[in-house]
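You will see subunit A twice below: alongside subunit B first, and alongside subunit C after that.
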Partner chain A sequence: MGFNLDFALSTIPTIMEALGTTLLATVLSCLGASALGFTLEMIRRGGGAPGLAVRFLIDFIRSTPVLAWLYFLYFVMPFYGIRLGAMTVGILGLSLYYSGYLAEVFKAGIDAIPKGQQEAARALSLNRRDTVVFVIAPQMLRNVAAPLGNYLVSILKATPYLAILAVPEMLGRAFDIASETYRYAEPLTVAGILFLGLALIVAYGVKRVEQRLLAAGRR
Partner chain B sequence: MSTFNIWLGILQGLGTTAQVTAYGLVFAVPFALVFGVAQFLTTGMTRFLVTAIIEFWRSSAVVVLLFVFYYVLPVMGITLSALTVSALVLGLNTGGYASQAVRAGLQSLPAGQREAGMALGLSRLAILLLIELPQALIAMGPTFINNLIQLVKATSLVSLVTLTDMTFRAKEIAQTNYDPVAIYSALLLAFFVVCYPIALAGRWLEARIQS
Partner chain C sequence: MLAQAPHPLSADQSMPHVRIHGLNKWFGAVHVLKDIDLTIRAGARIVVCGPSGSGKSTLIRCINGLEAFQKGKIEYEATSLGKNTRETAKARRQTGMVFQGFNLFPHLTVLANCTLALRRVLLKPAREAEEIAMRHLTAVRIPEKAKAYPAQLSGGQQQRVAIARALCLNPRVMLFDEPTSALDPEMIKEVLDVMIALARTGVTMVCVTHEMGFAREVADEIVFMDEGRIVEQASSKGFFSGTAHPRARLFLDTVLRH
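Presenting the complex of A and B:
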C-alpha cells in the first residue's frame, strides 16, 4: 500500500479546519485549570480540614492519568443526570487534571514573594481578600508567568486526548478521514506534524514573553 | 459485580501496565543519558541535530505520536507488536523530558569540577563518567522520579492500541456492568496506589539531597 504523499497533503485543509477547536480547548482548559489551581492553592494555604483535604486532592490528581479522569467525568456525570457535551467534559477534565499541577506552580510563585510583603499588608490592616488581590496576586503573576506558559504548551499537547471522547479537534478530524478512507497512516502523520509545529510555535511565543518579562523585571 | 470484584478485575491489567513501564524505561534511560550528555558536550551542527531529535520526542503530543507510530510503521513495512510500539513511543517521549534534566544537571555543575579533573590529567570521558555524571544524576533524582510517574500515567494510553492494561480492563468491565462510578473510581484509585508511593519516594529523596 505504501505512504501516499498526495493523499497526505490533501488531508491538510480538512484537519486544519479543526485548528480552532484545538486552540479553543487549549485556552479554555488553561483558564479553567488556572482558576481552579489558584483556588485549590488558596484553600490549601488556609489550612485546617479543608486545607488537608485539598492537599490530598492535589496529590491524588497528580498520581492519576488524565485519560482516567476524562473517562471518569464522561461516564460518571451522566450517571448523576448531568449531561454535557463532549467538548465541555473534555475541557472540564483537562482543567481538573492540570489544576493539580498549577496549584504547585502558584504555591512556588507565592512562596517566592518576600515575607515582608504579607507583614506589610497586615501592618496596613488590609483584610485577607485585599491582601491577596492587591499585594500577593500581582507579584505572584510575574513569578508564575514562565511555568504557566510551559503548562499552556502541555495542555495544548493534551488536547488530542479529547479525540477519544469524539471531540472534533485535529486528531479527531484525522481519525474521521481515516475511517472514511480506510487509510490511517497519512491523516495521522499530518496531525502529528501539525501538533508538533503548533507546540513549537506556542513554546517559542511563551519563551519570548518570558524574556520580555525578565527584561521588564530587571528595569 | 461487587466493588471488590471490580477492583480485582482492574488489577488484572496491572501486569501490562508494569510491563509497558519497564520496557518503556529500556528506551527512556539510554535515550536520556546519551542525548542529554550529547546536548551538553556537542556544539554547532551536531548540537542542532541532537536538539532536533530531542525536541521531536519531547514536543510532540504523545497521544498523537502513539497513533502515528502504531499506524505508520506497518505501512513502512516495519511490523512491531503493540507492546513494542507503545514502549518505544512512551519511552522515548519520557526520555526526551529526562534528557533535559540530564543536560541541566550537567550544566549546573561548577566549572571547577571539570577543571579539577583536567588538572588531575583525567580524559574528558573519565571526567564525565567519574565526576560530572554521578553528581548530576543524583541532583536530578527527584526530576527523574517525576518523569517515571509521568511514564506510568502515560501507559494508560496503550489501552487505545489494544493492550489489556488497567484502563482497558476498566472499559471492558464497564461494557458488561453499568456501574461507572465504582469502575472509574477504582481505576483512578489503582493508579494512585501505584504512583503515590513513587511520589513519596521522590519527596524523601529530595529532602535527603537538600540536607
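Presenting the complex of A and C:
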C-alpha cells in the first residue's frame, strides 16, 4: 500500500475547507498574544507589586507546556463554571502561552531604544500613555519585527494543537480523513505541505515588512 | 528673524522664574550636588561651566525634574518641584530642554517631532500646531527640512530642530545640556548662532557648555561648578576679567587654550 497520489490530491479540497479555521485561529491568536504580551511587558516595566506578579506570571507561562494550558482551559475551567467553546479556548490558550514569549521580545525591543528618547518625551511633558503610543511603541516595533515575525510563524504552526479540542483546523481534518480511510500517509503529507506553504508565505510577508521598516529607519 | 521682536516670554525682567535653595543630590553614596543655591531671573542668560563630573548636567536635569533630588527646594513662580509628581509636571511644562545627544524621535519627520507635544500636550489642532512648528523651524533656519527624517540631517541640523521642538511649547526657561558637545567642530557654529539669536530675543536660558566664546558673548551670569558645588558665581564680565576663583581660573586657562 504505497503512496497514492490520486488519493492525496482528492484530500486537498477537504483539508482546504479547514484553511479558514487555521487562519482565523492564527490571526486571532497573534493579535491576542501581541496585545496581551505588550500589556504584560508594560505592567512588568511599571514595577511595584503588579510588576513583580507579572514577572512571575511570564516565567510561569514560559515554563509550562502549551498543551497543559489548552487542557486546563478546556477541561478544568468548566469545574469552576467557566465553559467556553473549543475555538475560543484554543485562541485563548495560544494567546496566553505566546504572550509570555512576546513579552520577552517586546522587552528586548524597548530596552534597545536609547534612554534619551524617554527623556525627550518627558521633557516635552508627554504623559505616560502618549509616550508609549507615539514614542516607544513605533520604535519598539521596528526593533522587534524579525523576532516577532518568527513567533507569528510559530503560532501558525501551533494551531494543530487545537485538534485535541476537536477544533476543525487543517491537521485535525487530515487526521479525520486518515481515521476514516485508514490511510495516513496521503492526508498527513498534504496537511504538512499546506502548512509549509502557509509558513513560507507568512515568513516572506514578515521579511518584506522588516525590510520596509529598516529602510524607513535609514531615511 | 529671531532678533526682530522681543520674545513674548521675556516679560518681567525682575521676577525670578526659578529659585533653587540648598539643593542636594546623591547617586547612591556619591554626593553629586552640594547645597546649590541659584536664582534664575526672567530674562537671565546663565552659563554653567566646570570640569566634567562637577554636577552641571545633573543640576540642569534637576531643574526640569528629569532627575530627582533628596534635599532642598526648587521653586517655580507658583509651584515647587519635589516629590509631588503633579507639581513636577506643572513645573516641567514651563521648561524646554535641549540635550547633548539631540534625542529627536527618529521615526517622525522634523515637523512631526515639533508638533507632537503641541498636539498631545497643548491639544492644538493639526493646522495650528504645524503653523507654530514652522515658525520655530524658520527661526532656527531649517524650514526646508520639515518633511525630512532626523537621520537625513547633519548633527548641527538635528540640534537646531531639537531647539525648535523645545521652543514650540513656549517654555519660560530654556535649558541646554551641553548642546554642542556631540557635534563636529564645523557644526558647532551653526548651533551657537541660533542660540545667540535666541538669547537676543530675551528668552530666559540656562546653558551647560564649554563654549567660552559663547559664554562671553551671550551670558550675563556665569556659574562655575566643581565637585558638586557652585564655586563661583559672577557676572560674565567679572568672570572673564580675571577676578575668578583660582579653581575657576585654572579651568578657564585650560579651556581657553584650546
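Throughout what follows, the second predicted complex is superposed on the first by the 219 of 219 C-alpha atoms of A that agree within 3 Å, B and C clash if a C-alpha of one lies under 4 Å from a C-alpha of the other, contacts with A are read in each partner's own complex, and residues count from 1 in each chain.
Keep in mind that, in the parts below, contacts are C-beta pairs under 8 Å (C-beta built on N, C-alpha and C of every residue); 3 or more make two chains touch, one makes a residue touch a chain.
As the structure is a prediction and not an experimental result, all values here were calculated from the model.
Asks: Following superposition onto subunit A, is the placement of subunit B relative to subunit C best described as a clash or a fit?
Replies: Partners fit side by side after overlay.
Asks: For A:Phe75, using the defined touch cut-off, is the partner it touches subunit B, subunit C, both, or neither? Pick first, second, both or neither.
Replies: In the superposition, A:Phe75 touches subunit B alone.
Asks: Which partner, subunit B or subunit C, is in contact with more residues of subunit A?
Replies: On the superposition, B touches more of the residues of subunit A.
Asks: For A:Tyr184, select first, second, both or neither according to whether it touches subunit B, subunit C, the two together, or no partner.
Replies: Only subunit B; A:Tyr184 stays clear of subunit C.
Asks: Mind working out whether A:Leu52 is in touch with subunit B, subunit C, both or neither, as first, second, both or neither?
Replies: The answer is neither, since A:Leu52 touches no partner chain.
Asks: Of the two partner chains, subunit B (first) and subunit C (second), which one does A:Ser125 touch, if any: first, second, both, or neither?
Replies: Second partner only.
Asks: Counting only touches as set out at the top, which of subunit B and subunit C does A:Leu200 meet: first, second, both, neither?
Replies: The first partner, subunit B, only.
Asks: Between subunit B and subunit C, whom does A:Val209 touch in the aligned arrangement: first, second, both, or neither?
Replies: After superposition on chain A, A:Val209 lies in contact with neither partner.
Asks: Touching A:Leu9 in the superposition: subunit B (first), subunit C (second), both, neither?
Replies: neither
Asks: Which partner does A:Leu171 reach: the first (subunit B), the second (subunit C), both, or neither?
Replies: Once the two structures are laid over each other on A, A:Leu171 reaches subunit B alone.
Asks: After the superposition, what is the least C-alpha distance between subunit B and subunit C in whole angstrom?
Replies: Here the least C-alpha separation of subunit B and subunit C stands at 23 Å.
Asks: Across the two complexes, what residues of subunit A are contacted by subunit B and by subunit C?
Replies: Shared contact residues on subunit A: none.
Asks: Quick check: in the complex, which residue numbers of subunit B touch subunit A?
Replies: Touch list, subunit B to subunit A: 55-56, 59-65, 67-68, 71-72, 74-76, 149, 153-157, 159-160, 167, 170-171, 174, 180-181, 183-185, 187-188, 191-192, 194-196, 199.
Asks: List the residues on subunit A that touch subunit B in their complex, please.
Replies: 1-3, 59-60, 62-69, 71-72, 75-76, 79, 153, 156-161, 163-164, 171, 178, 184-185, 188-189, 191-192, 195-196, 199-200, 203
Asks: Sort out for me which residues of subunit C touch subunit A in the complex.
Replies: On the subunit C side, the touching residues are 64-66, 89, 92-93, 95-97, 99, 101-107, 116-117, 120-121, 149, 151-152, 165-166, 169.
Asks: Over in the complex, which subunit A residues touch subunit C? Could you list them?
Replies: Those residues of subunit A that touch subunit C are 114, 116-117, 119-120, 122-127, 130, 134-135, 138-139, 142, 216-219.
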